[in-house]
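Both complexes shown next keep chain A, but they swap its partner, so chain B is in the first and chain C is in the second.
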Partner chain A sequence: MASSALTAVRVVRVNATLSLGVALLVVILASLALGSNPISPAQVVQALVDPTNDPDGVVWGSRVPRTLLGLLVGFCLGVAGVVMQGQTGNPLADPGLFGVSSGASLAVVLGAFVLGHNSMSAALFLAMIGALVASVGVFAIATLSRDLANPVPLAIAGTAVSALLNAVISFLVLTNQSSLEAYRVWVVGSLSGRGLDGLPPALLVAAVGLALALVNARSLNSLTLGTELAQGLGETLWRARLVGLAAITLTTASAVALAGPIGFIGLTAPHIARAIVGGNHFRLLPASGLIGAITLLGCDVVGRVIGGQAEVPVGVVLAVLGGVAFVAIVRRTKLAAL
Partner chain B sequence: MTHSVLTAALAAEAATLGYDDHVVFSGLDLHIEPGTVTTLIGANGCGKSTLLKAFGRLLTPSAGSIRLEGTPLRRLSARAVARRLAILPQKPLTPGATTVRDLVMRGRHPHQRLLRPWTAEDAAKVEAAIDATGMTELADRDVGSLSGGQLQRAWIALVLAQDAPTILLDEPTTFLDLSHQLEVLRLVRTINARHGSTIVMVLHDLSLAARYSDRLVVLHQGRVLADGEPWQVITPEVLATAFGLDALVIADPASGRPLVVPLEPTGAHEGAARAPAAAVGGPARPDGASDAGRPGTEPSRGLPLRVGYPS
Partner chain C sequence: MFPATNLRLAVLALLSVFALAACSSSAGTPAPSATSSTGSAAAGWSYTDDTGATITLPAKPERVVAFADQALSLISYGVQPVGVFGRTDLATDPRFAGIDLANVKILGNAYGEIDLEALAELAPDLIITAVYPSDRKGTLDPKSPFYGMKDLEQQQKIEAIAKVAAVKVGGQGLTLIESNAKLAVALGADQAKVDADKASFDAAAATLSATAKGSDIEVTQLYADADGLYLVKPEDEPQTQLYKSLGVKLTELNPDGDYYWDIYSWENAGKAMSGDVIMISPEGFQIADLKKQPTFAKAPALVAGQVYPNPYTAMDYSAQAKAMDILTGYLTTAKKVA
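Up next is the complex of A and B:
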């Protein structure tokens, strides 16, 4: 009886991994094939195998980079969401909680205010700097409470800093035309037209962040048992917090810099992943990353298809479809708490 | 003195313990002998949990020191402590979407390294812990679906998987019905007998504490009020001082250990509570037999039925 239950669990896990893999493949293929200039899957495969056989250079010129970008951003947000929820013990915590998105947005708006105009790669660079500065500022303020082991001062500091930064953004946007233009383009998360010259540094930052998240997995497993039991299991709290915060900041900063502030994924991907693979962070982190990547890329494809020539930014699609999907999930299954 | 500090499993040496500006213990000395089951008892707020936290390195003494197997805790890393001492706090958080086995696996935390994968030894310890706590049938169940008693056994399995010679349990029987309280305490005795583990726990039920402990330590107003074997410690005087409780102490007919029978705080019982001889001969005996007090009625210890005094 016990062994059959065990087999059942394994079968469910294998099926889950398998279906995630299939979903990922489908979404990648769709992302390569679909768009304002549709290409058949056969042509996509041909172009992938033989780059000289690429119709108008669409596959290698725009679809492949855009697909990779979507996968990276979605993966980062899914992972950041798991770390954030595990660290704060709050199932509603979003990776933007530590002021990362506001910091990035303010930097972009400030850049436009000072320079008059932002190129996309300048915006990427500014967003990265802004995200990092804002989260370091949040940590510094939270450290004043002398209790880094406690996530509450961090969350409060993050909320306060975000509110302040948003006020400054509003002021700049409302008083300065070029800031408004820059903000208008920036604030809707999108995978299209983002400069790819800035990709290598963002990739590096993302890689470091993802590695730190993996390092943090064992600590997250014990932190979710409560801080006292975590300490009893030999966890050094401040170190576990610091690694987790660095992971959140670096992954979110690179995602925000590459695609603008994209909500929803960091909040929901962890819940879906938890329902599929369970609460062990060694499985939860990659699963949530994959679900984030699939969701972001899938919504981007939908935005390309429904918009025709003027495509709908992925941020808008996510807000609409994602919201509906989440309500459906909540209604159908009792989502696991942390 | 120095000798016992070094051989004790745990020792508080002139330890001052407290929170911020509130001192709970100052200059506390207490040794826990290896391989014994010791229970800390006392009224709410007497500092039982504070002392247990200090033993478990969750609270640093502001003066004096706590030694684990002779080494001051402050000289040991969190990991080094966790390999020698496991602590189960009063209210651990139950993680979501986690099976019992997954939960117990987390007990191996202090034995794992960043680049060292899950080993056969880890797996063996986890299965042994699940088996020892009788959780084999439930190993693949979600911890969220367990009853209170099953969940408590799962937590104890996690602590067992940690494979530490000293185990601290903070109120392991809270929220459990009587039969599950007994189940947990029998499990504690089994662990102690099978692995020679040193166990220090906090309990509220005095009779159960007396029944399942080798030694009781009564804490009151920042000091050790009484300390010793159950019969030495559970006396009307100690109960009156530590808990403000008027009570009879009789022999538990099943175990021979002291059994606390609280009295209603009316003047009528004043005399009885202060007169041990009258109390033990009274109607508290379930069978109403008149042979109360004879050595033969206490099978396990052979102690005369008496009211003890701290020695």
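Up next is the complex of A and C:
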């Protein structure tokens, strides 16, 4: 009896892994094949084989880069969402909770204010710095409470700092046209026009963040049982918090630097992953990352094909589809207890 | 760190304001004397604006508040407004460089942000703004506010302070220039000054027309950001309509369809590379960012270094004459590359 139950669990897991793999492959192929410039699949294959035979550089200049960006950004957000929800014990926590997105946005707006126009490469660099500075600031404020075991001071500090940064953003954006232009393009979140210049540094930062998230998995499992039980299991809470915070900051910072603030994925991917692979963070983290990547890339492809000659930014598609999906998830499954 | 940076910026801004004030007062230019109003007070004053509304006042308005674009035109003809509201920061707007704003109250530096109390304090006789049609036929939507005003509610509050005359910005460039001039004359501008400016405008137009007829250079006017390229439709924008009517070859890929702009996602940017000269909006992406877009980096104008700024130019005879001389220069020096 017991062994057949175990086999059943294993079969379900294999199926889950298999279906995630297939879904990932499908969105990658769709991302390479489909776009606002309707070139034929044959032309795409030709261009992939021979980059000199790429019509107007569409495949290597646009589709390959944004496929790679989409995979990385989606994966980072999916992972960051799991760590954030696990650390705060709040199923509605979003990776932006610790001020990372606001910090990145303010840096971009300030950059446009000082430079006078919005440059994509400068924005990427500034966003990374802004995200890191903001979360270090949030952490510094939270340490004043001398109670790092408790996620509440961190969340409050994050909310307060975000509100302050957003106020400064509003002031700059309302008084300065070029800042407004930069912010308008930035704040939606998009994979368009980004190029691969920023990928290597972002990848490096993201890799460190993802590794820390994996290191944090055991602590996250213990934290699910509540802080007291976790301590009873030998968990050093402040260390678990610090590693988790660093993982969230680094993964979210690289995502936000590459694509701008993108909502819903960090919030919804962990719930879908929990429904598929269960609550063990060693499986939950990679599954949520994959679901994040699949969702982001899939929504990007949708945005590319519904806009005609122009495109609908993935941030907008996610806001519409993500909202609907989230309601569906909440209705279909009881939110898995954390 | 952020408050400190902001403080420094604020101090810098304050210092530069003082410096500007000092410059303008030390330069000792007397405020332009109010234009001679040959007392027609008894007869009253009436003016039919571009919306078809007839504005009647007991006397010719002396205290005029204007939207920046219209204010520039008025000032060029010697009509000094007492207040200006703009879409951009007027202190740094290059169009206002060299114009003494010491006696002009700045009522707003961002779209829809108009200080109503300060406006009421100025006790204007007349407020002048622009109105943009909502389509190619020139339809004015009565439900949308005048340009520069946030909404109809704000517009009603402004109309309660003083009557508002609107200049229609759409259709033929020449009509718009004439409309601005007609309004300036109605407000007391010296007809001789208008005629002199018109003579220099006609000369510049003749030179541009002659140069364009002997040239096969195609000019593309665009704005770009991460979403893609925005191509101006020459027939829908008054200034480009004027250039086209003078024989300048402007990129016009799709004269029908959407009003005013066509958006080309970066995947589709290759379809918009037919220009020999690119004139680029001062907002959004600049040359370095355009070169970073693999799908547009091969644009012949970009490769040949024939990309020039396309600042907003007021629609008055003198400013337009200068802009046309600059365009003539581009057409003369540019090589056919596309």
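One rule holds for everything that comes next: the second predicted complex is superposed on the first by the 316 of 338 C-alpha atoms of A that agree within 3 Å, B and C clash if a C-alpha of one lies under 4 Å from a C-alpha of the other, contacts with A are read in each partner's own complex, and residues count from 1 in each chain.
We take it that contacts are C-beta pairs under 8 Å (C-beta built on N, C-alpha and C of every residue); 3 or more make two chains touch, one makes a residue touch a chain.
Everything quoted here is computed from the prediction, not taken from an experiment.
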{"item": "Clash or fit, chain B versus chain C on superposed chain A", "value": "fit"}
{"item": "Superposition-derived comparison: chain B or chain C, residues of chain A touched", "value": "C"}
{"item": "Which superposed partner A:201 touches (first chain B, second chain C, both, neither)", "value": "neither"}
{"item": "Arrangement angle, chain B at one end, chain C at the other, chain A at the vertex (C-alpha, nearest 10°)", "value": "140"}
{"item": "Which of chain B and chain C A:190 touches, first, second, both or neither", "value": "second"}
{"item": "Contacts of A:89 with chain B and chain C, given as first, second, both or neither", "value": "first"}
{"item": "Chain B versus chain C - smallest C-alpha distance in the overlay, whole Å", "value": "34"}
{"item": "Chain A residues touching chain B - in the complex, by the definition given at the top", "value": "1-2, 5-6, 8-9, 89, 215, 218, 221-222, 224-226, 228-229, 231-236, 274-275, 278-280, 336-338"}
{"item": "Residues on chain B engaged by chain A in the complex (per definition of touch)", "value": "53, 56-58, 77-83, 85-89, 91-93, 95-99, 102, 105-107, 109-110, 112, 114, 136-137, 139-140, 144, 162"}
{"item": "Chain A-facing residues of chain C, complex", "value": "1-2, 5-6, 9, 87-89, 109-110, 113, 225-228, 262-271, 282-286, 288-289, 292-295, 297-298"}
{"item": "Residue ranges of chain A in contact with chain C within the complex", "value": "35-37, 55-58, 60-63, 65, 106, 110, 113, 117-121, 133, 137, 165, 168, 174-178, 180-181, 185-186, 190, 192-195, 197, 304, 307, 309-311, 313"}
